[in-house]
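Right, I'll just put the structure down here and ask away after.
Chain IDs A, B, C, D, E and F follow the sequence of writing; residue 1 opens each chain.
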Amino acid sequence: MIYITRKERFNAAHKLYKPEWSEEKNREVFGKCSNPNWHGHNYELFITVKGMPNPETGFVIDLKVLSQIVKENVIDPLDHKNINLDVKFMQGIMASTEMLAMQIWNQLHDAIRSQGAMLHAVKLYETENNFVEYFGNEK
Amino acid sequence: MIYITRKERFNAAHKLYKPEWSEEKNREVFGKCSNPNWHGHNYELFITVKGMPNPETGFVIDLKVLSQIVKENVIDPLDHKNINLDVKFMQGIMASTEMLAMQIWNQLHDAIRSQGAMLHAVKLYETENNFVEYFGNEK
Amino acid sequence: MIYITRKERFNAAHKLYKPEWSEEKNREVFGKCSNPNWHGHNYELFITVKGMPNPETGFVIDLKVLSQIVKENVIDPLDHKNINLDVKFMQGIMASTEMLAMQIWNQLHDAIRSQGAMLHAVKLYETENNFVEYFGNEK
Amino acid sequence: MIYITRKERFNAAHKLYKPEWSEEKNREVFGKCSNPNWHGHNYELFITVKGMPNPETGFVIDLKVLSQIVKENVIDPLDHKNINLDVKFMQGIMASTEMLAMQIWNQLHDAIRSQGAMLHAVKLYETENNFVEYFGNEK
Amino acid sequence: MIYITRKERFNAAHKLYKPEWSEEKNREVFGKCSNPNWHGHNYELFITVKGMPNPETGFVIDLKVLSQIVKENVIDPLDHKNINLDVKFMQGIMASTEMLAMQIWNQLHDAIRSQGAMLHAVKLYETENNFVEYFGNEK
Amino acid sequence: MIYITRKERFNAAHKLYKPEWSEEKNREVFGKCSNPNWHGHNYELFITVKGMPNPETGFVIDLKVLSQIVKENVIDPLDHKNINLDVKFMQGIMASTEMLAMQIWNQLHDAIRSQGAMLHAVKLYETENNFVEYFGNEK
């Protein structure tokens, strides 16, 4: 088994808030991340796939194919978008890095499986100081 | 003369659009940067100050003081904010990296001069691939 | 289960030496790291916590709380200090990156548990070329 | 158990192609990576070793020794070389990042074991966007 | 006047050698960079353009246009190529970072001028430790 | 004229203090940087040299020669040392980044001139957030 990772990027706006809470309560819990007029990030995304190298090509997965899968299912819906307002798979879900990483997993899992490889990890940086890793139900 | 640089960071939302243009015209000129619901970035800011080192301290400027000047005049107004909506010194100004760097210069120039040093450059990264440098009227 | 990591930094002096060995023996075993007058590093520290996201906030742990725990228990005792001389939890312990990472784990484990999350990993960079990871007794 | 990682670098030329395939077939499968006149990369290599710290030195492995083992067995054969033409342990093997990482593991495993530590992982970056991890038969 | 920089990347093979010298002489002067079977790098290229921001758009130059100019004139001819063998504008020229940066300047100067902006600098990294800057005849 | 830069690194201990001041006064002016038992940094040093490329080699300066000059005159005296106590060219001089950069310039200027090139800049990072540039008497 060998693990291969592709890094992609997207720039998006978001805020952390619960509509059923007052602005004061949101400010108290989420601090400046609850700014009603949004803020944003340069997100960095690392998608790790595992499998056996194909004996003909030496590849676990063709990285052009992996990059295309990530582009269609994750980057295009998120890049230069508002995560809370514009992204179908985040509707009704808190726009925290944790919840976003879990939804990105769901967007990618089957498409990678259909290429004969397995999604192993989604790693998502919100800033250089904060990142989240999700391994599905494996770990 | 010696040059000292302090790096700071802020995360903000923005969009590029002219209200007097249609959404189609904005999309044509500014592409995905014109998304009506905003997008955002982790901006990185480098403030370069020049002067002679103080013979007692060996400092051109006390970096704690410089960092405080940048925080009050630039980071606090911009961090976790919407550049178009929330930032007084960007009202009526296109939220491009170029215009933002020039306004940051204006916010800092006098406060740094009052410390006996001179602002030399503002360098502002919007993404790892794009940055702007402004040197006032010097260059 | 989801994993979230916070990066912090500290700058410290140290040396590698055993007081019961001669300076020659120390030089032989530890090379230039045994310089009697110390040397130092910009350490980079990555604290990884795991748990289930809180359904209300979408957080495994509030990063402001995690950052505060790391600051009080690790950064304040180490930053701008001499690891061998100034740091209580390193007294009588070799100031290698390995031993330091293990002691940092001990400083953080209970405080993170008391927040309802679990410390998963301590990753400590001494230089860009050398880093250590510690997972407690898990792995 | 504690994990320590050493980063090393090498610059090499390679191409991806199967000699039994036509140039068209190679171009179709490997894209621009099959350029007959080669291309190249600044590879970054992370070698992770695990073990218990030596009670006298606080070291899992002396990093000078580890660095020397990696230099002799991996860096010297690969640095400023053509991976397909010049590197004995890559003869007859596709010069993909996956296959190269697996062969690097084989070059290092026994020499590290003979130092009383265990090779845990080989992580190899081909570009900033693509890397591979290999853990032997462990995972 | 304001300065804007776009970062691009290419991966290429090259060697340093003079065909009129013996292999020994080449090895003596150029060291391992003269390996007859080539080696390669992940080059990083920073193109700096200067001008006044357009009052309508806030742009010195549209970065999509700049990126396209760099792609057509520099990246496409160099990426996944052999600099000595495959690149027309490097024929008969030593493939050093210095000479390559100067030729990249020549490839870009007029196309950028035709957009109403001025090429200010070409900065080219061969490795993380070595880079070259060229400012035309300005400096 | 073309500019070439070589990056080198050193790890050192230092403190900022004036022996003729009390510990309180030092603490007041220099903050935690005045810790009597020292602290330290991973310094990063960029040496920029300018000149015309040699028509035979395409080099402004042979980087192996430049690296050797920097190693002998700057890295060996500073690496794994205490800047205040161990470094001859810093005796009696405040160990600020500004003063250190200026002394590094003095250590390198003549040796680079004797190679037929000119020292253009010394850039010295103390941390990722603070760096100093010195251009001699040129600017």
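In the analysis below, a contact is a pair of C-beta atoms (placed from the backbone, for glycine too) under 8 Å apart; a residue touches a chain by one contact, two chains touch by 3 or more.
These numbers come from a predicted model, not from an experiment.
Novice: Could you give the fewest steps needed to travel from chain C to chain F through chains in contact?
Specialist: The least step count works out to 1.
Novice: By label order, what chains touch chain A and chain F together?
Specialist: B, C
Novice: Once you count every C-beta pair in contact for both, which comes out on top, D-E or A-D?
Specialist: Counting C-beta pairs in contact, D-E comes out ahead.
Novice: When the contact pairs of C-F are compared by residue number, which of A-D, B-F or D-E has over half in common?
Specialist: Checked against C-F: the matching pair is D-E.
Novice: Which chain has its C-alpha centre farthest away from the C-alpha centre of chain E?
Specialist: Here the answer is chain C, farthest from chain E.
Novice: Need the most distant chain from chain D, centre defined as the mean of C-alpha atoms.
Specialist: Between chain D and every other chain, the largest centroid distance is to B.
Novice: What whole-Å value do you get for the distance between chain A and chain B if each is reduced to the mean of its CA atoms?
Specialist: Chain A and chain B have C-alpha centres separated by 29 Å.
Novice: How many Å are there between the centre of chain B and the centre of chain C, using C-alpha atoms for each centre?
Specialist: 34
Novice: Show the residues in chain E shared as contacts by 2 or more other chains, in ascending order.
Specialist: 128
Novice: Among all the chains shown, which pairs meet the touch rule set out at the top?
Specialist: Here the touching pairs of chains are A-B, A-C, A-D, B-E, B-F, C-D, C-F, D-E, E-F.
Novice: Show which residues of chain E lie in contact with chain F when the two form their complex.
Specialist: Within the complex, chain E touches chain F at residues 16, 18, 29-31, 93-99, 101-102, 128-135, 139.
Novice: Mind pulling up the chain E residues that touch chain B in the complex?
Specialist: Per the stated touch rule, the residues are 1-8, 48, 53, 56-60, 63-64.
Novice: Going by the contact rule set out above, which residues of chain E touch chain D in the complex?
Specialist: Contact set of chain E toward chain D: 9, 11-14, 32-33, 35, 37-42, 79-82, 85-86, 127-128.
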